[in-house]
Amino acid sequence: MFFASDNGGPVHPQIMQAVTEANEGYRTGYGVEAEMDRVRDMIRDVFEAPEAAVYLVATGTAANSLALATLCQPWETVFCSPVAHIHEDECNAPEFFSGGAKLTLVGDSDKMTPDALRRAIENEHTRGVHGPQRGPVSITQVTEKGHVYTLEELRALTAVARDYGLKTHLDGARFTNALVKLGCTPAEMTWKAGIDAVSFGGTKNGCMGVEAVIFFDPAKAWEFELRRKRGAHLFSKHRYLSAQMLGYLADDLWLDLARQANDTSAKLADGLRQVDGVEFTTTPEANLFFAKLPRRLHQKAFDAGAYYYIMEGELGGDDPEEMLLARFVCDWSIGEAGVEALLNAYRA
Amino acid sequence: MFFASDNGGPVHPQIMQAVTEANEGYRTGYGVEAEMDRVRDMIRDVFEAPEAAVYLVATGTAANSLALATLCQPWETVFCSPVAHIHEDECNAPEFFSGGAKLTLVGDSDKMTPDALRRAIENEHTRGVHGPQRGPVSITQVTEKGHVYTLEELRALTAVARDYGLKTHLDGARFTNALVKLGCTPAEMTWKAGIDAVSFGGTKNGCMGVEAVIFFDPAKAWEFELRRKRGAHLFSKHRYLSAQMLGYLADDLWLDLARQANDTSAKLADGLRQVDGVEFTTTPEANLFFAKLPRRLHQKAFDAGAYYYIMEGELGGDDPEEMLLARFVCDWSIGEAGVEALLNAYRA
Amino acid sequence: MFFASDNGGPVHPQIMQAVTEANEGYRTGYGVEAEMDRVRDMIRDVFEAPEAAVYLVATGTAANSLALATLCQPWETVFCSPVAHIHEDECNAPEFFSGGAKLTLVGDSDKMTPDALRRAIENEHTRGVHGPQRGPVSITQVTEKGHVYTLEELRALTAVARDYGLKTHLDGARFTNALVKLGCTPAEMTWKAGIDAVSFGGTKNGCMGVEAVIFFDPAKAWEFELRRKRGAHLFSKHRYLSAQMLGYLADDLWLDLARQANDTSAKLADGLRQVDGVEFTTTPEANLFFAKLPRRLHQKAFDAGAYYYIMEGELGGDDPEEMLLARFVCDWSIGEAGVEALLNAYRA
Amino acid sequence: MFFASDNGGPVHPQIMQAVTEANEGYRTGYGVEAEMDRVRDMIRDVFEAPEAAVYLVATGTAANSLALATLCQPWETVFCSPVAHIHEDECNAPEFFSGGAKLTLVGDSDKMTPDALRRAIENEHTRGVHGPQRGPVSITQVTEKGHVYTLEELRALTAVARDYGLKTHLDGARFTNALVKLGCTPAEMTWKAGIDAVSFGGTKNGCMGVEAVIFFDPAKAWEFELRRKRGAHLFSKHRYLSAQMLGYLADDLWLDLARQANDTSAKLADGLRQVDGVEFTTTPEANLFFAKLPRRLHQKAFDAGAYYYIMEGELGGDDPEEMLLARFVCDWSIGEAGVEALLNAYRA
């Protein structure tokens, strides 16, 4: 009954198997091993991007920070949602890796709108050398609130960026959860929609710790390699990153895992709707959603061993009917049994 | 016949097993999982340092850079050998993580001497606010040339640092290779010798990618945690770092692996001494040494599939008798068979 | 008819005289000259702060950035108004000097309220190591919109900061304009109101280019000196900074100049109120205010040689009745003649 | 009798006059005032470089750090002499402004030789992504030891840099002292000799605090402007920097002042050679030289009020015959009277 995050569960056996299988013989490492050549080919294939620069790092924050730093000058500002992971959950890593760039918060919800983005960009225009300069736009797909941008929405945002000559980055920590929700191709959700660089997440979708950074224009590939090394994110035994990604991409496992997570999430949402006293504040779209439940229900679940985060309200209160906002995240492994266990706890 | 580095070989099965075994159930991650509690206890035990702050990261450069940044202000200079990994092989990562500190090169060999260190420190004393300020001393054990500081030498260096109120860092990427060479305890080689912080390497000694950072005085523990997160080096699925370290420390595996590597290295050196035309430029002390061989011998080895680095001279030359300097590094896995294969190639 | 900024006018003759008089003989410079000893004494006197650390730099951005960097860790966030100079007009200098700290925008107007500040601080509390850590609060007095915090308002803000153990910085680029408006002492507007560090502006109030940075607790004085030198803001011929400040503080010139600027501003506002078609959007409190005028009036002024900024609306438009928002700033030198000239242009 | 530095004396009256004359009327400032247009024209003229980008800052460290940061990526290393001001006397400012670049020390004296430079560059070539990347070469003219590179020597150094595609920076804090020594044109000593960017010093040669940064290729002009603003080195009342430079360049004052300083220095050296017990360790070439004198002579000078630095040996010693190394620097203002006073003190 672990619904706190999609990074709390086990690695999928197929990925662990790939890691184990890679544990034979010797490699120069540092990303020049044969496994990485295969990873690069597979990702270029999957993204229909034969020229793309493809790199692996071990954390989502590294992927985001290094990608943004490569797209951004220190005197620029990155446009992003006020609840973006890069703003709220990376302890100033984007500021660190970029050498002191700023983040400009666009609008007041998890999904940026083209109008809000345009206003934010326009607002950075009258100060010449005095103000921060306009930098890249970073879009989180799936958002931190569990929403999925449609292809139309993505294209509208990148069109605004393009109007101002700005680059775009997609924080795809939950890339595949969005992809299977939209039922589109990776190319459609990225470069065909105007995206320049992607953090293509593996960790939250069954891997041990691996994220790909993809630049569709390889012009800054060498700069990225230097930034990765300087950031201490170049692995000597890189084959174990490569192997994870190989296991992840093989036989469409990545798509299956995201579908499982999304389906589990939908089932949990359906079940919760039947529970007396539950209020939904967002519509579940991928593998992450929010709902309000009275304290007495949470207490039953926690007593039964469930684990998830309360985002508003505190558990220490007295009123059993007070509604507390919870975040539920499902990974590939939770499954029907996990959902049933949690629902049973509420129903008890 | 891979002698290019001790990070090119496979992960030891016991460590891989520990990783696989950790792949059960759910964890909050981020280093607060139960596995990390056990790691912390084991390392405190091993180092006889019950108060030590203990953290895990995945690369040696991360361990060094984060440890040094925690000990160093941006306007200070780190004292180290001119061939230190932090100077030559980290693409300015220490400068990056410290926010722009300098590195002052001490003496002209891999081992710093107390006199050279004192002179280098003294040389940074007359400029008041104008010059860099004196910062920590970083000592590499085993050095990049394969030498091992004796306990007396370590104590003499830290005594100089202490005379000036400077902190000391031990870059222990090959910590255990030095430890078994010296036949002392981890405490003797660190805090009892005056060391304040250690990069305790696992990757080069049979792990997949894990290094511990240990501060004997935990005063800056929270600062380190923030630096690690900001540097994108805090793993969500941290259990797989913890598990590696647990497998590594269990049943003295770490000591056994280092002994194997050192013994293999000694055997290779012994064998090479019997090969006609070989000149030793350094005495092998741990698992890394240098030797000069005529081009014709290298060619035989390379033709037979051997892999190691030529440090001086280039392979494209003509003169079969030209002496080329080679670096030989043995990891735990090479073993007698690997050594024999290489020696046979030379003898052929 | 220059109302674009209070940094566009001449240096007051008394200050220029002080600079000229300092141009005799030899000094060691770098702030250890006798003139700086007198500056330090005078500022400690003026602020009733005999222990304060006092430094001079040449630009307001240097004063703010160096002061904040000294109060702030790179993983922290500075709380400030969304229109603060440090956010909008310093091209990421605070981010640069702090090594990548963030700025958190408090509320949606130029004056922060205690409630908005508390909410902003509280909002940074639940993420542990993941989010930015709470850093200092920076208050701009006079605000960028020309408003002056009352002593009660200042005390209320610093009380909130103190509740969370946060330091406070006062951006006093127009310190003296606020001081004479409030009719209080420098001590009352700073340390007695809970302020820890001040950028005490001289440049906008008749100097050539000098700002004092004052820390009431001198604990970080040496760190500031190193930051200043490292930031290339330590002047070799420092006597000319000291001399400016001596001339500025002598015979209450600083107070007189601010009073002149404020009075001129009040007169301009009074006159504008009589001009048909003018709308005031803010109440003038110091030497800076905003008003809306129809395009046809602006055109008359610009044709007559007036210079000031249009903040909303563009001059290229057609509609003579369109209201354009203008910012008027008066320095010490404009005087009644300048005001009359501008008013006459409108009246023409 | 101030021979400690050429930044300890007064501003030349013609320059002070220019500052005073600029103190009329209003300017937008920030370097867009008419005075700066004239400065730009004059410097382009003087350097025969009609396309050059020209900027002013107030300190030599700012000029050097901002120029180098513009030429250098954070993962690169700057090649310079081990006694370069950027290495020894700027408290890590180049590291700070560049975002963490390294400085590689070339050879072991104040003047870099082409061979030593080539060796240092070659030494940074075998590590691929692991080591620092090769960055710009910074040449100090006059060196910190008072030597002047000949045009041939400059051309030989820049030729080495060009062989590797590296940019070159000239730290010309004492640019004009070298220029008049060589008797060449500014173009010959810079772009015609292969220099890409120059710190053209004014402060040490009679100005109050102004240095020009000149890029012969203006491609990075806008980047420099952003770096200058972000570094808090863009002056609002910029006219007073411009005015200094105008006064400095008018009627060849800059050349006259440097000649005076050099001549004074030569006279001092000549006089010292007549003093019994003095040993010269370097040949005076510009306005700065070193000599060894017995303690008893220094004591006489100090007792008479002379001020200069002892670089080796300490004043507190006992032996009146111990030779102490002194540095003598002459500025434009010392003149024959100052020299005579000092020599008389020794002779007394």
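Read from first to last, the chains carry the letters A, B, C and D; within each, the first residue is number 1.
Keep in mind that, in the parts below, a residue touches a chain if its C-beta (ideal position, glycine included) is under 8 Å from a C-beta of that chain, and two chains touch if they have at least 3 such contacts.
What you see is a predicted model; the values in this text were computed from it and never measured.
A.B. asks: Could you tell me which chains are in contact with subunit B and with subunit C alike?
C.D. replies: Per touch definition, common to subunit B and subunit C: A, D.
A.B. asks: Taking each chain's centre as the mean of its C-alpha atoms, give the chain farthest from subunit C.
C.D. replies: B
A.B. asks: With centres defined as the mean C-alpha position, give me the subunit A-subunit D separation in Å.
C.D. replies: Subunit A and subunit D have C-alpha centres separated by 51 Å.
A.B. asks: Just how far, in Å, is the C-alpha centre of subunit D from the one of subunit B?
C.D. replies: Each chain's C-alpha centroid was found; their separation is 41 Å.
A.B. asks: Whole-Å distance, subunit C centre to subunit D centre, using C-alpha means?
C.D. replies: Here subunit C and subunit D have centroids separated by 34 Å.
A.B. asks: For subunit B, give me the residues that contact two or more of the other chains.
C.D. replies: 74-75, 90-92, 96, 99-100, 129-130, 133, 226, 229-230, 234
A.B. asks: Residue numbers of subunit D touching subunit B in their complex, please.
C.D. replies: These residues of subunit D touch subunit B: 74-77, 88-92, 95-96, 98-103, 105, 127, 129-133.
A.B. asks: Over in the complex, which subunit C residues touch subunit D? Could you list them?
C.D. replies: Touch residues, subunit C against subunit D: 2, 4-5, 7-11, 16, 19-20, 23-29, 57-62, 65-66, 90-93, 96-97, 203-204, 208-209, 226, 229-237, 240, 307.
A.B. asks: Using the touch definition from the top, list the residues of subunit D that touch subunit A in their complex.
C.D. replies: 30, 73-75, 99-100, 129-130, 133, 223, 225-227, 229-230, 234
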